[in-house]
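The following pair of complexes shares a single chain, subunit A, combined with subunit B in the former and subunit C in the latter.
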Partner chain A sequence: MTAGGITAEPPVAAAPPPSGEPGRLGRYLTSAIFLAPALFMLGVWMVYPAVYTIIRSFFGETGFLGHWVGIDNYKTLFTTSTLTTAIKNNAIWVAVVPAFVTALGLIFAVLTERVRWAVAFKTVVFLPMAISAFATGVTWRIMDQQDPGLGAINALGKTISGVFSPAGVLSTASPSTSVLQSSGGALVLKTPTHPGGIALLGLTGIAPDQVPKSSAQAVTPPPKPGDIEGVVWRDFKPGGGKVGVVEKGELGLPGVTVELRNAAGKTVKTTKSKPDGSFDFSNVPAGTYHAAIGAQTFAKPFGGFAWLGPSLIVPSLLIAYIWIWAGFAMVVIGAGLASMPRDVLEAARTDGATEWQTFRRVTVPLLAPVLSVVFITMIINVLKVFDIVFALAPESEYARANVIALAMYLTAFQGGENFGVGSAIAVFLFLLVIPVLALNIRRFRRES
Partner chain B sequence: MAAAAPAMELPAPRESVALKIVRAVARGPLHLVLIAIGGLWLVPTIGLFITSILPASALASKGWWQVFSHPSVATWSNYDALFHNAGLIQALKTTAYIAVGNTLVVVILGAMAGYAFAWLDFPGRDWIFVGVIGLLVVPLQMALIPMFKLYDATHLFDTWEGIALFHVAFGLPFAIFLLRNFFVGLPKDILESARIDGASEIVIFLRLILPLGLPAIASLAIFQFLWTWNDLLVALTFGQNTTPITVWIAGQLREFGTSIDIIAPASFISLVVPLCVFFAFQRYFVQGLLAGSVK
Partner chain C sequence: MTRARIAVVLAAAVATALLVAGLAGARTSTPATAHQNLAVKGTITFDGIWTASSGQKQFADVIAAFNKTYPNVHVNYKPVGNNLPTVLATSVAGGHPPDMADIAQPGTVAQLAKQGKLKPITYAKSVIAANFAPAWRQLGTYSGKLYALVFKAANKSVVWYNVPAFKAAGVTPPKTFSQLLTDAKTIKASGTPAYSIGGADGWTLTDMFENIYLRTFGAAKYDALSQHKIKWTDPSVKTALTTMAKVVGDTSNVAGGTSGALQYGFNDSVTNAFGTPPKAAMVFEADFVGGVITSSTKAKAGTGFNTFTWPAITPGPDAGAVEIGGDLFVTFRDNPAIEAFVKFLATAPAAEAWAKQGGFGTGNKNVPSTIYPDAITRATEAPIGTAKSVVFDMSDEQPPAFGATTGQGEWGIFQTFLKSPSNVAGIQKQLETAAAAAYK
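Then we have the complex of A and B:
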C-alpha cells in the first residue's frame, strides 16, 4: 500500500539529481520494488482478513456479512457450554504448560551442563520439536491406549500395580452352580454345612492357561467327624461334564483362600486349598456354617486408566504437549546458560556458596530474561494450540478436550458453518495475544 | 565465544585416577536420571515405529513392545501397502509442493523486504517495520474465514498453491524480522564501498547481501520448511481433495483401532523427512529458534 502511494508520486524527481547520486524518487522506487511483494502478501492475507474478521464477528451466521447481530456472537461465546469449556481448558493450559516447560527446560539445561554426552541427551529431548504435533498426537494415542496389553503407559502401570496389589489366582472365575452365590466379592455356598459335612465349591469360566500349574485331578475328601471338608475345583472338562459333581478329568484349584463363616456370616476360620483342590477345617464346634471362597481370589488385574477418556483427556494432552516443548525450553535456556559470565559463577563458588545457592541466587536471576522469553513464547503457543488436541483426543471427547483454536475450527468449518461466532472466537483469541504484541513492539523500540 | 573461554583458564592441576573414579561414582545417579529422562523422550517415537512394522492382526492383541519377544511378526508389508496407495503418494507430493514452494517464496520475499528495512532509506520505514512486528503474533485464525471465502471466489480453494500462499503470508513477518535483524548487523563499510563503486541496489542485494546472509537464510528456510511440512490446520481448512499427509492421516483417525496399520506407518513416513532435515541442519535450526523466540 505504501509502495503504491510512492510509485504514484508526481514526477518531481524527473529533474536531474544534484550531486550525481541516485535521486530521491529513484531510491524510493527501489525500496518500493523490494518491499511491494511482501507488503502485498501481508496486506491481502493478514491485514484485510483481520479487519474483515473483526467486522464479521458482529454479523450473523452466513453470507458475506449476513445481518447485524451486535455482540450476540460474543454472548454465545461466553454462554455456550462447549465454548466456555474451551476457554476454561485454555486457562488450564496457560496455568500449567508454560511453568512446566520452563522448569523442565531449566532443569535439563543445568543437569546436562557438565555431562559429556549432553549433546546426545539434548538431541533426543529436542527431537519432538522437529516432528509435527499431529504425528506426536498419533504417537501418544498409541501410548495411551487403555488396555494394558496394548498401551505402553498402562502396561507400565500394570507392572507396578502387580507388585503392590496382585491380581487374584482366578480373576475371571464364576460359580458353576446357583447354590454358590456372590456376596461382597466373595462366593458363599448357600447350602449350610455342619461338622462332618462336605462343601463342594465348583467354579467355571477359567481358561486352561489360568489354571494354576500345580493343579492335580480334583478329589472329594472322605467326610471326617468334627471337621468340615470340601473341594474347590474347575467344574468343567472337555466335553462339558456334569455340573456340581467332581468327575475324572476335572482339576482341583490349589492356593484358593477358603473361608468358614458362622450363622451370623462372620468368618471364623480360613485355609488354602491343596493341589487336588481339597481343604479341611478341623475341630469345628457344632453349629451351622457356610463355606465361602475369599474375595481376594477374584481380585481383578489392573485394567488400565482411560487416558483418553472423559476425566483424563486434558491431563493426557498437557503431558504430550509438555513432552514436545521441553526440548525447546532446554535449548534456549542452555544457550543462555552458555553465554553467562563464568567469572560471576566462579566468584560465587570461591566465596563458599553451595551449588544450590549458586543456582538459586546467581544462575536463575542472571537467566531471568531468557526464562521470561521462554515463558511468554509458551503462553502464545498454548493459546493457539490446535494440532495435538485434534489428533490425540478421540472425536467423542472433543467437547471435553476443547480449546479455543479447536472451537473456532469446529464452529466455523467442520459441521458448524457459523462464520459469525467463528469470527468472534478468532477475535477473542487475537485479543488474548495483544499484550504480547505490545510487549514485542516495546522491546523493538527500546532496542533501536 | 565458547571456544575462547577455556583458553583463558589456567592449566588445571592433574587429577589422580582415584579422584576421577570417586567423582564418576558420585555422579552416577545424575547419569542414571538423565538416561531415564532420555528414555522417556525416545520411547514414544520408537513405539510408533515398531507399531508401524507390525501387522494389524498382531496389533489387535499385542502391545508393540512384545515384538522383542516375537521378532518374527515384524514385517514391512504395511509400508509396502502404503507405497502402493495412490492417495498417500498424492498426499506426499502435495506436502512436498506446499513445503518447498512456500519456503522458496518466503525466503525470496523475506530477504528483499528485510534488505529494504535494514539498508534502504524511505519515509515511514520504522513505522512499517513496527507494523510487521505487530503481525508476528496475529493468530492465523483471524484469516481463516475471510480467506476461505476469497479462495472460494478465486478458485484457490483446494489447490496446493492456495495453501502455500497462505503459509507464505503467515511466514513473512517472522522472515522479515529475522533477516532484517541479521542484515542490520552486516559490516556497513562493505555495502557503502559497493554503493560508491556504483553498484545498483539489486546487484548489492544479489552479490553481497544474499551470500553474507546465508546463515540466517538457512535458519529461516529450515524453520519455514518444517513449520509448513508439519502444518495441519491450514491444510485442513483450505484443502478438500488436495491435501498434505497430515490431513490424509487425519481422515483415517476416526477408525483409529482398525486403521492403525495405516495410521502408524503413514505417521512415521510423515516424520522421516522433517527428522532428516533436522539432523542435517540442526545448527541452523537452533540458531533460528534462538533468533526469533517469540512467534
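Then we have the complex of A and C:
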C-alpha cells in the first residue's frame, strides 16, 4: 500500500483507487517525507532550544538544569540596574529608530524619483546594508573617536573650529610657580613689577618637540631703569631643576606675546619674546604693573566631543543604526512607489493639487501598507538589536548603552555564565517580539 | 576572561614569541630522559585557549616533551580560542567535559570544584611540592583539596615605561610609590603626561587597585578581600582607593584626561605610551605589554621601552609580592594517562619547553632564569619563580559575575571610579552591593 503511494505515478492518477483512503494516506506520507528534513531542523534548532530556554529560565545559575528558583530570575531581570537600563534603552530604540528609518526612507525614495543620477544615489544610500552590522560598528567606533587625530567626525570639527578659534602655540603649558596665576585663560604674574624691574614668567608642561626651533638658552636680562624687562622660558630641565629660577639648560620661549597690564588690569603695552625668551617694555611710566601672557597663547585646540562617552553613546548608536537601515527602507518604499498607479497622481495634479498636497493626500495613503511593513520590520529588528551595540560601544559604556540582547549575552556568556538569568532575559525578549510578530502575520493573512 | 582580554594575552604571547624566535641563543638542553614508559596508554582530550596563531605550537612542544617519556599517551589538544569559558561551561552543563582544560579564572575553578565537576589531583602533590613554592600549591587548592596546577603565569606587578620620556624628564624608575608620584609630577612638567590608562577595559583598573592593595596591606589581607571575608566597605579598601585616586585623579597627568582614558582600551594605552610621539610615559600592566609594544609600535627593547617592578608602598615582606594572572590546568576525569601528564606538567622540562620560546612565565622554581630568551623577559618572568609571596589576580578569583563581567560588577564600578575618583565612599558601597549579590 505505502509503496504504491510513494511511487504514485501517472497510472495511479489515471485510475483513482476505489476508496480514496490509500491515496490520501500516501499523500500525507509523501508530504511528511518532504517536510521531515525541515521539521527536523526546526525541531532541533528552534523548538527544542526555545522550550529548553523557557524551562531553563526557572532554574539557578549553573548546571544542566541548576536548582529550581521559580521566578527569581525574572525578579532579578527587573531589579538589577544594568538590566533595567537595557530595557529602558530598548524602549528608546523602539521609539526612535522605526520612525526615523521610515521617514528617511520615504524622503529618499520620493526624492530619488526626481533626481538625475538616481541609481548612484540609491546605491550610496543602500550600500551600508551590504556591510555587516559588526563592521559598521567598528567603522563608526573609529569615526566617533574623541581624539580629533583619530576620529573623522571630530577631525572635521577641529578643522572648522581651527578656522574660527585657532589653537595657541603653547596650549599644554602651565605655570611653574604659584605667583603666575591663571585669569580668564591668560597667565598673570601676581607679584607687581615697577619700571626697572624684572618679570620672570616660567612655564612647564611643554614637550621638547613643542619648543620652537629658534629658541636658545634662557637669559634673564639685566635691569634697565625706566624699562620693565623679563623672560619667558621653559622652566624645566631633566630632573625638574629649581622652580622659578632661570638655570643652565633651560630654553627661552621665543614669539610669546607678553602683555603689560596696569594697576587697573588694562593692557597698556604688548611685545614678543626674543629667542632667549627675554622681552623688554621700554619707557614705562612710573606705577605698578603686572606682566602677563595673553590667553591666545594657551588657547586649547578643539578637543573633540566624546561621542562614545556617557552622554552621547546612545545617540551615536542610534545614528549608526539609522544610517544602516535607511537604505533598506528607501528601496522597499521605492518599490512601492514604482508600483503605484500613476493615473491617480495625475488626476490629483490635474485637479490642481500642489506637490505637497499630492504627497500628503495621495502618495502617503497609497503607500501606507508598504510603510507599515517597513515600520514593523524595524520594530522587530530594533528589539533584537545586538551587534552594533556590541561593536560600537566601548566596554566602559556597556552599562549605559546596554540593550536586552546584549544584556543576555553578557549575563549568559561573557564572564557571568549565568544561564538562568540569561534564559530569563531571552524569554522576556521573545515575549516582547510576539505581539509584533502576531500583528505582522495577521497583516500577511489580510493581504493574501 | 573577556574576548578582548584573551585576544590581548594571545597577541602578546605571539608577538613575544616572534620577537624572541631569532634571539634564542642560550638554549639549555633538558636532561635526557633515561627511560620510556610504555605501559601507560590512552588518549587525553584537552581544551585550551591557545590557537594556531598563538601558543598552540608552543604547547605542542610541551606535549612532545611529554611524549618522549610516555610515547603511548596521545594528548588531543583542541584550540578552542577566546570562547573557552563559554564552551567549557556548556560542555560541563551538558555532561561531556573534556578530560582536561585550561581555565584562567580561579573563581571558575572554585565554582566547578564546589559543584563536584572536577577531580582532585592529589597524586601530583609531591611533584608540585618539589617544583613550586607552597604559595603555588595554595593557588590550586579549594576547600582543602588540590584541584589545579598553575602551569603558565603572567607577572602583573610590572610597570612599563618609555625610556626616552623618562630620560627627557630626568627621572629613573621609582622604587617606592611616593617616589613614583614625585617622578610623575616631574614627567608632567617635562611636557608628557605620566600615566597611560586603558580605562575602556575594566580589568586594567582592577589590576592597578589590586597591586596597590597588595602592596599596602600584604598577601594575607589581599586573600581575605578576594574571598570576601573582608567587606568592600572596609577602611583598608578606602585607603587603597584613596591611594589609587592619587594616580587616576591626577587628570591632567593621564593621557587623554579622564574621558579619553575611558575610551582607550588596553592596546590603545600601550600604543599611546610607546608610539611616536608618546602621549604618555608609563603603563601599569602585566608582562604581556611587551608583546603589544613590539607588534604595534617601533619602540625597541632597552632603548625605547623597559620595565620596573610595581613600586613598594608599605615596607615589609610583602612589599615585593607578585600578583599573577595565569592558566590553571584542571582535570575532569582520572586515569593513569592523565595522572602522568599532570605530573609531567609540574616538572621543569615541561615549563622549559615553552619558556625558552618566550611569552611564558612559570612559578616552577627549578626553571633557571637563563632559560628566558632576552633581558626584559628575564626581568618580568624570573620574579614569578623566585617571589616569596604570590597572589592571583583578585578579580579572577571572585565569582565571574562580580569579577569578570564586561562593563558590569567590579570592572564597571572601577570605570565609574575613574570618572569620579573623589567619590571613594560611594564606590565602596557599590562594590560591596555587587559583591554581596555575587557571593550569595
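Everything that follows uses one rule, which is that the second predicted complex is superposed on the first by the 297 of 448 C-alpha atoms of A that agree within 3 Å, B and C clash if a C-alpha of one lies under 4 Å from a C-alpha of the other, contacts with A are read in each partner's own complex, and residues count from 1 in each chain.
Rule of thumb we're sticking to: a residue touches a chain if its C-beta (ideal position, glycine included) is under 8 Å from a C-beta of that chain, and two chains touch if they have at least 3 such contacts.
Since the structure is predicted, the reported quantities are computational estimates derived from the model, not experimental observations.
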- Item | subunit B or subunit C, by number of subunit A residues touched | B
- Query: When the two structures are overlaid on chain A, which partner does A:A99 contact: first (subunit B), second (subunit C), both, or neither?
  - Reply: neither
- Task: Please indicate which partner A:V344 is in contact with in the superposed arrangement: first for subunit B, second for subunit C, both, or neither.
- Result: neither
- Task: Could you look at A:V332 and tell me whether it touches subunit B, subunit C, both or neither (first, second, both, neither)?
- Result: first
- Task: Using the touch definition from the top, say if A:F413 reaches subunit B (first), subunit C (second), both or neither.
- Result: both
- In the superposed arrangement, which partner chain does A:I71 touch: subunit B (first), subunit C (second), both, or neither? neither
- Message: A:A216 in the overlay: touching subunit B, subunit C, both, or neither? Say first, second, both or neither.
- Response: neither
- Partner chain in contact with A:Y398 - subunit B first, subunit C second, else both or neither: second
- Tell me which partner A:P128 touches in the superposition: subunit B (first), subunit C (second), both or neither. first
- Query: Which of the two partners, first being subunit B and second being subunit C, lies in contact with A:V427: first, second, both, or neither?
  - Reply: first
- Where on subunit A do the contacts from subunit B and from subunit C line up? 64, 394-395, 413, 419
- Message: For the complex, give me every residue of subunit A touching subunit C.
- Response: 62-64, 82, 145-147, 172, 174, 176, 204-210, 235-240, 306, 308-310, 394-399, 402, 410-411, 413-419
- Of all residues in subunit C, those that touch subunit A in their complex: 1-4, 83, 85-86, 89, 93-95, 108, 111, 115, 167-171, 185-186, 188-192, 199-202, 252, 256, 259-260, 262-263, 265, 277, 400-401, 403-408, 411-412, 415, 419
- Item | Touch list for subunit B against partner subunit A, complex | 1-2, 5, 30-31, 33-34, 37-38, 40-45, 47-48, 51, 59, 61-65, 109-110, 112-113, 115-117, 120-126, 128-130, 132-139, 141-150, 165-166, 168-170, 172-173, 176, 201-202, 205, 226, 229-233, 236-237, 246, 249-250, 253-254, 256, 260, 263-264, 267-268, 270-271, 274-275, 277-278, 282, 285-286, 289-290, 293-295
- Which residues of subunit A touch subunit B in their complex? 2, 6, 27-28, 30-32, 34-35, 37-39, 41-42, 44-50, 52-53, 56, 64, 108, 111-112, 115, 120-121, 123-125, 127-136, 138-143, 149-152, 155, 323, 326-328, 331-332, 335, 338-339, 342, 373-374, 376-377, 380, 383-384, 386-387, 390-391, 394-395, 405, 408-409, 412-413, 419, 422-423, 425-427, 429-430, 433, 436-437, 440-441, 444-445, 448
